[in-house]
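Please read through the structure below; I'll follow up with questions.
Per-chain residue numbering starts at 1, and chain names A, B, C, D, E and F are given in the order in which the chains are listed.
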Amino acid sequence: MYYLTRLVEFEASHRYWNPEFSLEENHRTFGKCVSPHGHGHNYILRVTLAGYSDPRTGMVLNVKELDRILKEVSSEFDHKFINADHPAFHDRIPTTENLAIAIWQRFAPKLSNAKLHRVRVYENHDLFADFYGEE
Amino acid sequence: MYYLTRLVEFEASHRYWNPEFSLEENHRTFGKCVSPHGHGHNYILRVTLAGYSDPRTGMVLNVKELDRILKEVSSEFDHKFINADHPAFHDRIPTTENLAIAIWQRFAPKLSNAKLHRVRVYENHDLFADFYGEE
Amino acid sequence: MYYLTRLVEFEASHRYWNPEFSLEENHRTFGKCVSPHGHGHNYILRVTLAGYSDPRTGMVLNVKELDRILKEVSSEFDHKFINADHPAFHDRIPTTENLAIAIWQRFAPKLSNAKLHRVRVYENHDLFADFYGEE
Amino acid sequence: MYYLTRLVEFEASHRYWNPEFSLEENHRTFGKCVSPHGHGHNYILRVTLAGYSDPRTGMVLNVKELDRILKEVSSEFDHKFINADHPAFHDRIPTTENLAIAIWQRFAPKLSNAKLHRVRVYENHDLFADFYGEE
Amino acid sequence: MYYLTRLVEFEASHRYWNPEFSLEENHRTFGKCVSPHGHGHNYILRVTLAGYSDPRTGMVLNVKELDRILKEVSSEFDHKFINADHPAFHDRIPTTENLAIAIWQRFAPKLSNAKLHRVRVYENHDLFADFYGEE
Amino acid sequence: MYYLTRLVEFEASHRYWNPEFSLEENHRTFGKCVSPHGHGHNYILRVTLAGYSDPRTGMVLNVKELDRILKEVSSEFDHKFINADHPAFHDRIPTTENLAIAIWQRFAPKLSNAKLHRVRVYENHDLFADFYGEE
């Protein structure tokens, strides 16, 4: 049983704003993140698969196949302003937590021979969220 | 269920010395770390909280609140010679293991809406200790 | 004569678009960077000062003073969509080169006892531009 | 109960090739990694021990002792072409997964006072495998 | 006048061996690097161009064009055992210094609108060589 | 002509204090760095040599020889409280600038076949000083 982890970077922007909050409440809660046109990050997406290694390749999942899925998922976010450009975030705040679960929901069904163990999203090197599929 | 991790750096010095050991035994056990006035590190403290995300903010704990607690805890160690300046280490060796449990004991009671999952203390990028609250 | 370098991070978004180009020419030239609402980066600004050290402090410039200036300059960009939010970029493409010269122009006049030697802007760890004041 | 983690780097080369595959199948499966004389990495080996801290030293295992074991194990791979130079890989593909289990098997028996919790092998900063002893 | 720097990684192996030295002299001079089948690194190639920015794009050289050249040059080394696979190193020791000049000689003639200022080759994060075209 | 750069880390503590300043003036100037028993850093020393490569080795200076000198110089500071333990700093403030010149003065005379080009001292990843021998 191995846990194989792979990283991919995507460069996106986001904004924190709750339409049910007053302007003042948004500022108090989200600080500089309420800036109307958003701000950005070099996000790092780090997925971990759990599985047995294929005796013919010595790998849990061929890294080329893993990269293909990672690219498919991350391209929904890469070079985008997430709030405006991604339908799942029109009415959801794109925090690292919410990005982690959204990526899990897109990534997990694409795997056949391995199990998704963890999705980690780094906003920068000081802050990240992990989601393990436990809702 | 999310695991949210945040980092803070503190710059401190420490010394390894067991008063019950002879000078020779201290040198054999701790090597260069017995240097009498201590030596230092850019410590990294990395705390992980476990919790559900608040539907109004999309966060396990507001990062501003988390930073306030982290600063409160890390300032006990930041820019200090831990052995001399921190009461908990007058008679305890400030290893990464002992720093991790001391920080857990200070950090955990300050949280209300989330659970402390892990405290990790890096002395440098080659050595770190994790504590999960299991004594 | 010393060269003292200090870093600060700012989190911003930008878009590449030349209004004199056709849509097709913009896509061919700038690729994914034409995405209409922008995308983002954890920018790193790294300024280098040249000077003699003050014998009373042993520093080219007191780091506290340097940090005050860095914050003043970087806050014009931090948590902003540069194209929309910064007047100097309403009609200028916010490439790393153009950010480096804009930051030089704001930073240099604020220094009194040291000389600005270099402004470096990292968009990510793979790409950065240096400007030394030579126009 | 603490988890103590230590890193060591080793610089090695490897090749992916399954003798039961045709040339074409090897190329399709392993891409550039089939290059006949191998290619290399700055591998990072990161071992985690679980244990109680020794009250006389404040450490799970004396870091000097841990380093001695790490060096003993990593020197089997350091500055080697793993496929040709390491007997365990004459007929096994040296993927990160297979390196992780091989290192576990060599490392675990050398520990007396602490338990090996995890072996992590990074091939580069984008790819790594974890092994926890569960076969 | 800007200096634009771009990075690319290549994963290769190499061996240090001077055929005019005795076995003993090779060992004394090159230590573990004489290992007969080589050992490897995640090399980082960092090229810096000097030039004026194109007013239509705000860039010294379009990053897409720069990446195309970088890929062309680095692919001569990527996933190779440099001594055996690269003709320029059949009778030259592949030190970081010799790699830097070899890459300069291949890279410089491919540039038309900008000047190559520096080639830097990192063998790992502790060792790198710079070449500025001064022979 | 090559520029070869090598890194070494040393772990030390220091204190900023000018005996000619009042307590209040020391606090205003140096902030938390006046803490009486010092605080610490994982310092990184990065030396750059300029020279021609030896045709027999392909290196400006044999890395083994360079490491021997680096160790000799850095061991004066490693695992020390610089103010108390290093004679050159009994009456000099151990800023990164002052450490860079002190290291230059110790390092340069030990070189025979290459020229010292630059000494860089990082206190942490956000602050460093360069010295090129120009007094």
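Rule of thumb we're sticking to: a residue touches a chain if its C-beta (ideal position, glycine included) is under 8 Å from a C-beta of that chain, and two chains touch if they have at least 3 such contacts.
The shown structure was predicted, so the numbers you read here are calculated from the model rather than taken from an experiment.
Listing every chain that touches chain B and chain D alike gives A.
Ranked by separation of Cα centres from chain B, the top chain is E. Think of it this way: of A-C, B-F or A-D, only one pair shares over half of the B-D contact pairs by residue number, and it is A-D. Of all residue numbers used at the contact between chain E and chain F, under half are used by both chains, marking a mostly different-residue interface. With chains reduced to the mean position of their C-alpha atoms, the one farthest from chain D is C.
As a whole-number value, the distance joining the C-alpha centres of chain D and chain E reads 28 Å. The distance from the centre of chain C to the centre of chain D, with each centre set as the mean of the Cα atoms, comes to 41 Å. Shown for chain F are the residues in touch with two or more other chains, of which there are none. Pairs of chains meeting the touch criterion are A-B, A-C, A-D, B-D, B-F, C-E, C-F, D-E, E-F.
Residue ranges on chain F touching chain C, taken from their complex, read 16, 18, 20-21, 29-31, 92-98, 100-101, 125-132, 134-135. The part of chain E that touches chain D in the complex is made up of residues 9, 11-14, 32-33, 35, 37-42, 78-81, 84-85, 124. The touching residues of chain A, when paired with chain D in their complex, are 1-8, 48, 53, 56-60, 62-64.
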